[in-house]
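Here subunit A shows up in two complexes: once beside subunit B, once beside subunit C.
Now for the complex of A and B:
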C-alpha cells in the first residue's frame, strides 16, 4: 500500500469515517447514555442492603458496640432488605437492637412508647433519609442515623439499567427475528400480533388443558412451546405467501398481523366465556394463569439478573453465531444482497426465506411467552405497535431495509438505543405524547442514516481504492 | 440535416469512437451497422445528448449543436427509440403517447384533444390500434409501433431507431419499417440500427459501417471514405467484409497439447418458446466449444437452461451419459455444471459481501463441519489457494467484491467454480468489461481447465475471441444453431458473421 506523507491525513480521515460508518450506532448509544446521565443527575438515597450496612457502620462508629438501636423502615420489600442489613451489621458487632419498625410514622410512635414503657434504654435510631424526616423519629430525642446521600445519575444505577434492559427484552428478542427478515430485504409487520397470540395460546393451554393451578412444569413447558410453535407457524405462512405466491412481504405480513390479532382476541374472549359460563361480554381481558411457576420466566432472576435479560442475551449470542458461523447465515446475507446471484450459486433461496420468516415468528412467539409470564397471563392486546418499535430498533442498529446489510450485534445496540431513549424520556419526565414525537423523529433519522450510509461507504471505498490500486499492466 | 464532424469519444481503456464523420439528409434513412462494440451505441448516445463527445463537432439543421442532455436533444427534434420499450404497460395507448409531453391546460388533461391526436398519429402510421387499449394487451410489434408513434408525436426532425425489430416477427418488422420510410417521406431523417442486414438492404437509402470506432464504409458530405459510394443496392457480402475487416491481432495463449475425448455434455432438442428452438449439440471432454451469434440469438438462454437458471420447455441434457435434472441451479451445480453469467455484477456476485464470502457461497457444504457450521479455517485456506493461483488482487479476503476491478471480480467467480470442481463450465461473455491483462489470464485459465479434461462452452460476441479460443464453434441465429465451424482458427470471420446474420439461410424461419 503505497502511501506518502499526504496519505497520513487521509488515513486518519478514513479511519474516522470507518469508525463512524461501522459503529455509528455504538457512538449514538454512548452519546444517549451520557445525555441521559447528565439529565438525571440527582441526589441519591438508595434503600439497599449496601446502604443498610453503611448505616450500621455509622451507628457503631458513633456509639460503642453496647448501644441500643431502633431500626425504622417502611413496609416495602426494599426497606426490609435495608433494615435486615442494618440488623445484621449491628448484630455482628454485638449491639443491642431495641426494636424494629416496618410501617408508618404512627407505628414508630407506638414502638417508642412501648420501649419507654418497658423501661428499655434507647441510644440511636437507624433509618433512611425518608423516615428520618418523620415526626416521631425527629422528636424521639436520640441520635438519628441515615445513609449519607450523594449525587449520581439516576439513569446510571444498576437498578435502573437492569430495569431498562428488562423492560425492553421482548422488543430486543423480536428484533432478532426481524433482523433476519430485513436482511433478506423483507419486512414482518405481524410480530406484535404473533406475540399476543403466542401468549394467549400458552395461557389458555395452561388453564384449560394442563391443569391450571396444578399444572406440572412439563405442562407449562408444553403450553409455552405450543405458543411459540403457533407463532412460528404464522411466520411460515408469511414465508409461504412471500416465496410461493410472490406476495410482497409488507402485504403478506400485514394480513397475518390482523388475522393473528383477531385470533388472540377470539381465544381470550372464548376462554372468558367458558369461565363465566356462557353469557360473558365480548370484551378482551387477559387470560389469567394461576400456576405460580408460570411467572418465573418473566419475573425470576438468575444471579440477580432478570430472566428476560438472560434469555435475551442467550438468544443474541446464538443468533450471532448462527449468522456469522453457519451456512444458513451466509445464505441469508447472500439472498439479501443479490437473490439472483445467490440462486445461480446454488443457494436454496426458497428454503432460506421460509426459514427466516419462520424464525421471525418463533422469536415473536418467545417474546409473547415472556410477556405472558411477566403479567401472569396472556394479554390479547399485548404488543400493539411493537412491529414499528422493532423495525426502528433494527434499522437504528444499522441494518439496511434494502437487504444484505446488518448485524446481530447492531440490532442489540439498536434495541438498547430505543430502550435508553424511552427510559431517558421517562426519567426526565417527558409526557408520553412528546415521547411519540421523539420516537418518530428517531425513526426518520435512522432511515435518513440508512440512505446516507452508502454515500459514506462509497466515499470510503473511493479513498481505499485510491490508496491501494496498483497500475494495471 | 445532421452532420457529424470527426467525433471522438474514449472511455477508460477503450477508444469508442475515433474521428467519425457522418451526415444524414432530410428524407433519408441511414442504416448504421457494425459488430457488437463497434461504437454504434456510443454514437447514438452522443447524438441524442446522453453523452458528450471528447472531440469533434455536431451540426444539426445548419447550427452547431452540443446537446446538454437528452431532454435538450428532444427539444431540438431528435427522437430516439430504444431497444427496450419505454411504455408504461398499465396505461392506455393514448396516455402513453402523451406521457410526459405536458399537453394539458392548466394542469387538466385535454382528453378529447388527446384522443383525436392519438387517432391521427396512429393513422399516420397506418396502425389499427385502439387508442384506449392498454399497452399490456398489445403485441410486441404493436407496442414497438406505439413507441414510434410516441416519438412522432414530438414531430421529430431526426428519428433514431436502435434495433427496433430485434424482438419482432419478420412480418411485424416489415410493417414497422414501412412506417419509418413514411416518416422519411414527410421530410424527416432517420438513423436505423440493425443487425438484420436484409432489413438494411430493403429500407435504408445509405449505409454506414462502423468498426472499432471508425467509419469504414459510408458517405459524408465530402464523399466516400471507404470502398463503394454507399449507394444501395449494396452487396451484403461487401457489408459483412466491411464489418469484420482485418484481424485486430488479438493475442491468445498457445493451445495446450490437449486430448479431446468423447462426448461429455449432450444437449438434445432444447427449446423455450419462440426464443430457443430445438438446440442440440455435444461438448467433448477437454473441448472448448464456442457459441457465436448476434445479441439476441439465444446463446445466453441456452447456457442458462443448461445450468438450471432458466426453465426450458423441451429437450434434455446428459452429462457423462446421465440425464440431468435442470429444475434449479442448485441441482445443476451439484451435478457439476456451472455458469459464469454474462451479467457478472447482477448475477455472478453478491456485491455487498466480501470476496471470500462470494467464493465460498456455492462451496459451503465442502467447508462444513457438523450441523452447518462453517469451518472458517478450511474456507480461508481454500480461498487463499485460488487467490494465489489465479492471482486475484485484494487487500484482504474480506474486501467487498464491489470494490474490485472487473478482472478480479471475474476471477472470484472463476475461483468459486474451480473450488466446486465443475465438469462443465459455461462461460457467458467471460471477458466483458475486463482489461487486456486480466483478459489474457482468463484465456489461459480456459485453456488450462480444458486441458484438465473439463468441457467449456464459450459464449462471446467478439468473433475474434470465439474463433481464437475455441476448438469448434457453433453459430446461432434466431434461436437455432445454424452452422458449425470445425476449425475456427482458420475460419473466415466473414463466413461466421454471415451465418450469424442469417444470410443465405433457407429464407424466413417459420413463425411460431
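Now for the complex of A and C:
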C-alpha cells in the first residue's frame, strides 16, 4: 500500500474518531432514539379528520348512498373531530345516519338496542380501530368500517416525544444546578428533599395565607417564590457548611437532605391536621391546592409545548450563557480545576461556592414548584432518590466528579439520554426489575467513559510526541 | 485509543440493545386479539402487589389481552409517567393501585380525556373530577373490625395496652385502623376492667425493616404492651423480630393483615395471632373480568369490595398451600 494513502486514511479515521469521542453522548442519544424506535415499531390507528373522511368514502363505496350508518366514537376531542368528518362525508353523499355514539362500549350497546327497538334498519358501523374491537360493535351483525392502520414507531410520535421530555424536565432543571456543584468538585444530595420542601411550602402558603381556591395570580406567584426561596436558603446553608466549616459536601448535603425531608413531612402533616380541625395526627398526603391557575405551570402548554419543557429550555439557555459568557462561569471552572491556584489568582472562592450551592438549591426549588403544580399539590414524598438520577444525568452528560470538567449542553444531553432509556424501556414493555439492571449498567458505562477519557487523551499526546520527535527509549 | 473507545461504546449500546431485545418479545403480539392492558403497581417489592400483577396477567392473557406490568415504587410521579406512557402507546385499558389517592388525579384526568378507561384495584382514587371505570378492593374497614375482634380474642379478659403500626400514606391502612379502633371502642364501652387501650400509632411504613425499628422503639416507650396491630404482614413480621430480640415475644400478641405466605407461616408457628386475610389473586382476576365487561358494553358493579376473613392458627394447620 502506498504510504501517502495509508496516512490519509489514518488521518480521516482519526478525525472521525475524534469527532465521535468529543460528541459521544450525542451519538449515544441518537442511537438510543433509533433503538427505541425499532423496539416500538407498532400499529398506529389514526383518529383524525382525514381518516374520518376516508372511512366515509369506504362506507359509500361498499354500500352506496342508500345505506343507514351508525357512527361510533369515544367522548374525546380527537374522536369528535374524526366522527364529524365521517358524518360530513356521509351527509354530502346523502347516506342515512342512523345514529351517533360518543362514549363507552355500554353506550353503543344501548344505542343499538334503541335502533333495534325503533325498528330502524342498520347496514354499517363507521368507527376507528379501537372501537371496532368493542363487544357491541363486533357482535352487531353489520359490516364495520375503520380507517386502515399503518406502522410507525410509537416512540417517534409527537405525543410520546413531548412526554419523554416533559416527564424529565424537573430532573433536567435540577441537573443544571448540580452541574455547577459538580464542576466545583462538590456534590449535592439534598436536591430531592429541597424539591419536596419547596413544593410543600408553596402549597401550604397558597392554602393558608394566599386565599386557597380564591388565590390571586400574584398570591400564587408569591407562594411559589417562597418555596424557591426556602430551597435556595437550604442550598446557602450547605454552601456555608462547605466553605466556612470545611465540611465535606457529601456530609453537609446528606444532613440537609434529611432535615429538609423531615421539614416537608412536618409541614404537610401539620396542614392536614389543621384541615381536619386538630385532634388526630394528619397523614403525609399531598397538600392539595385547588386554585386552578396553580396547575398551569405543570400542566399547561404554550403553542402545544408543555410548560415544564419551556421552562427547562429557558433555564438551559440562561445557564449556558452564565457558564460560557460570564466571569462567574470562568470562576466556577477555576475553582473546580484547582482551588489553591484559583485562590492565588484572585478568584473569590468562598463567594463562588456559596453562589453555586445556593443556585443548586434554587433550581431544585423550581423543580419542586413544577412538581407541585403538576400534581395540584405539594407532596412531602416528592423527589425521593432524585439526587441519584440527577447526578447520573450530569455524569452521563460528561461532567467529571473530580471537578473542573463538564458542560451545560452535555448535562442537557445526559438528562435526555436517561429520559429516553426510561421511556424506551417502558413503552417497549421491558419489565421493571430488568429496567433497573439496564439503567445501572448504563450509568456504569458512562462513568467508565469518564475514567477512560483522560487516559485516551494522554496516550494520544504521547503518540503524537513519539511520531514527531526521535524516540528516547 | 480506538479499542478503548470501541469498548465503551459497546458497553453503552449493549445495555440499550438488551432493552431492545427485551422489548420485542413483550410487544410483538400486540396487534392480534383485544389489545393491551397497562398495569401500574404500587410497589412490586411487596408480594401482595406481585400476586395482583401475576393473577391479572394470567387472567388477561386467557381473554386475549397483552399486559404491560410497571412498578410505581410508591412514587406518584413515576406512576403518572407510566400512565402517560400507556396513553402514548395506545393501551385498551389502564389498571392502577393509586400511590396517592389525590395526586394521581391529573394523570387519571389525562386518561379520561384520551378516552382510555382507568380501573383501580386495592386502593381507590378520590381526586375530584376523575372518572374511574371500576374498582375492586378489599373491604378494609371490615378487615379492621375483624382485626379488632382478633385482638380482643387474643388478649382475653385481661385487656391491656395496644400499639398500632400504621402506614398513613395509604388510605386503605387508615380505614383498617379506623375499623380496628371502632371494634376496640365497642368492646370498651361500659367496661371498667379489662379495657383495651390503644396507646400509640407508630409509623411502620408497611415494611419489614421500618416495622422492626418502630416496634423496637415502641417496646422502650411502652413497657407494658400486651398487643400490636400491624396494618400488613411485612410490618407485623418486623414487629415480631423486634419483640423476640427484646425477649418480649411471649407477652405481646400480634395481629397482622394480608395473609401473604410469610404471614400465614408465622400464624401457623404461633408468631402472629391472626390475620384478616385479603385476596389479591381475586382482585387481579375480577379487575380483568370488569375490563372485559366494560369493553363488551355490559353493566357491572363499579365498586366491588371483597370482605376479609379471619385466619388463625387452626386455619393455618389445615392450609394446603403451606408445607
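Convention: the second predicted complex is superposed on the first by the 357 of 473 C-alpha atoms of A that agree within 3 Å, B and C clash if a C-alpha of one lies under 4 Å from a C-alpha of the other, contacts with A are read in each partner's own complex, and residues count from 1 in each chain.
Keep in mind that, in the parts below, a residue touches a chain if its C-beta (ideal position, glycine included) is under 8 Å from a C-beta of that chain, and two chains touch if they have at least 3 such contacts.
The structure presented is a predicted model; accordingly, all values stated were derived computationally and were not measured.
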item: In the superposition, subunit B vs subunit C on subunit A residues touched; value: C
item: First, second, both or neither for A:326, with subunit B first and subunit C second; value: first
item: Contacts of A:382 with subunit B and subunit C, given as first, second, both or neither; value: second
item: Which of subunit B and subunit C A:342 touches, first, second, both or neither; value: first
item: Which of subunit B and subunit C A:214 touches, first, second, both or neither; value: neither
item: Which of subunit B and subunit C A:425 touches, first, second, both or neither; value: second
item: Contacts of A:303 with subunit B and subunit C, given as first, second, both or neither; value: neither
item: Subunit A positions touched by subunit B in one structure and by subunit C in the second; value: none
item: Residues of subunit A defined as touching subunit C within the complex; value: 17, 20-21, 24, 27-28, 31-32, 35-36, 38-40, 42-45, 74-77, 79, 104-110, 130, 133-136, 154, 157, 159-160, 163, 167, 281, 283-286, 288, 295, 298-299, 371, 374-377, 379, 381-382, 384, 421-435, 437-438, 441-442, 444-446, 448-449, 452, 455-456, 459-460, 463
item: In the complex, subunit B residues that touch subunit A; value: 307, 309, 328-330, 333-334, 339, 341, 346-353, 357, 360-362, 364-365, 368, 371-374, 376, 393, 395, 400, 402-403, 405, 416, 435, 437-438
item: Interface residues, subunit A side, partner subunit B - complex; value: 1, 325-328, 330-331, 333-334, 337-338, 340-348, 404-405, 461, 464-465, 468, 470, 472-473
item: Sites on subunit C touched by subunit A in the complex; value: 1-2, 4-5, 8-9, 11-20, 22-24, 26-27, 30-31, 34-35, 44, 68-71, 74-77, 80-82, 84-85, 87-90, 92, 100-103, 105-106, 113-115, 117, 133, 168-169, 174, 201, 294-299
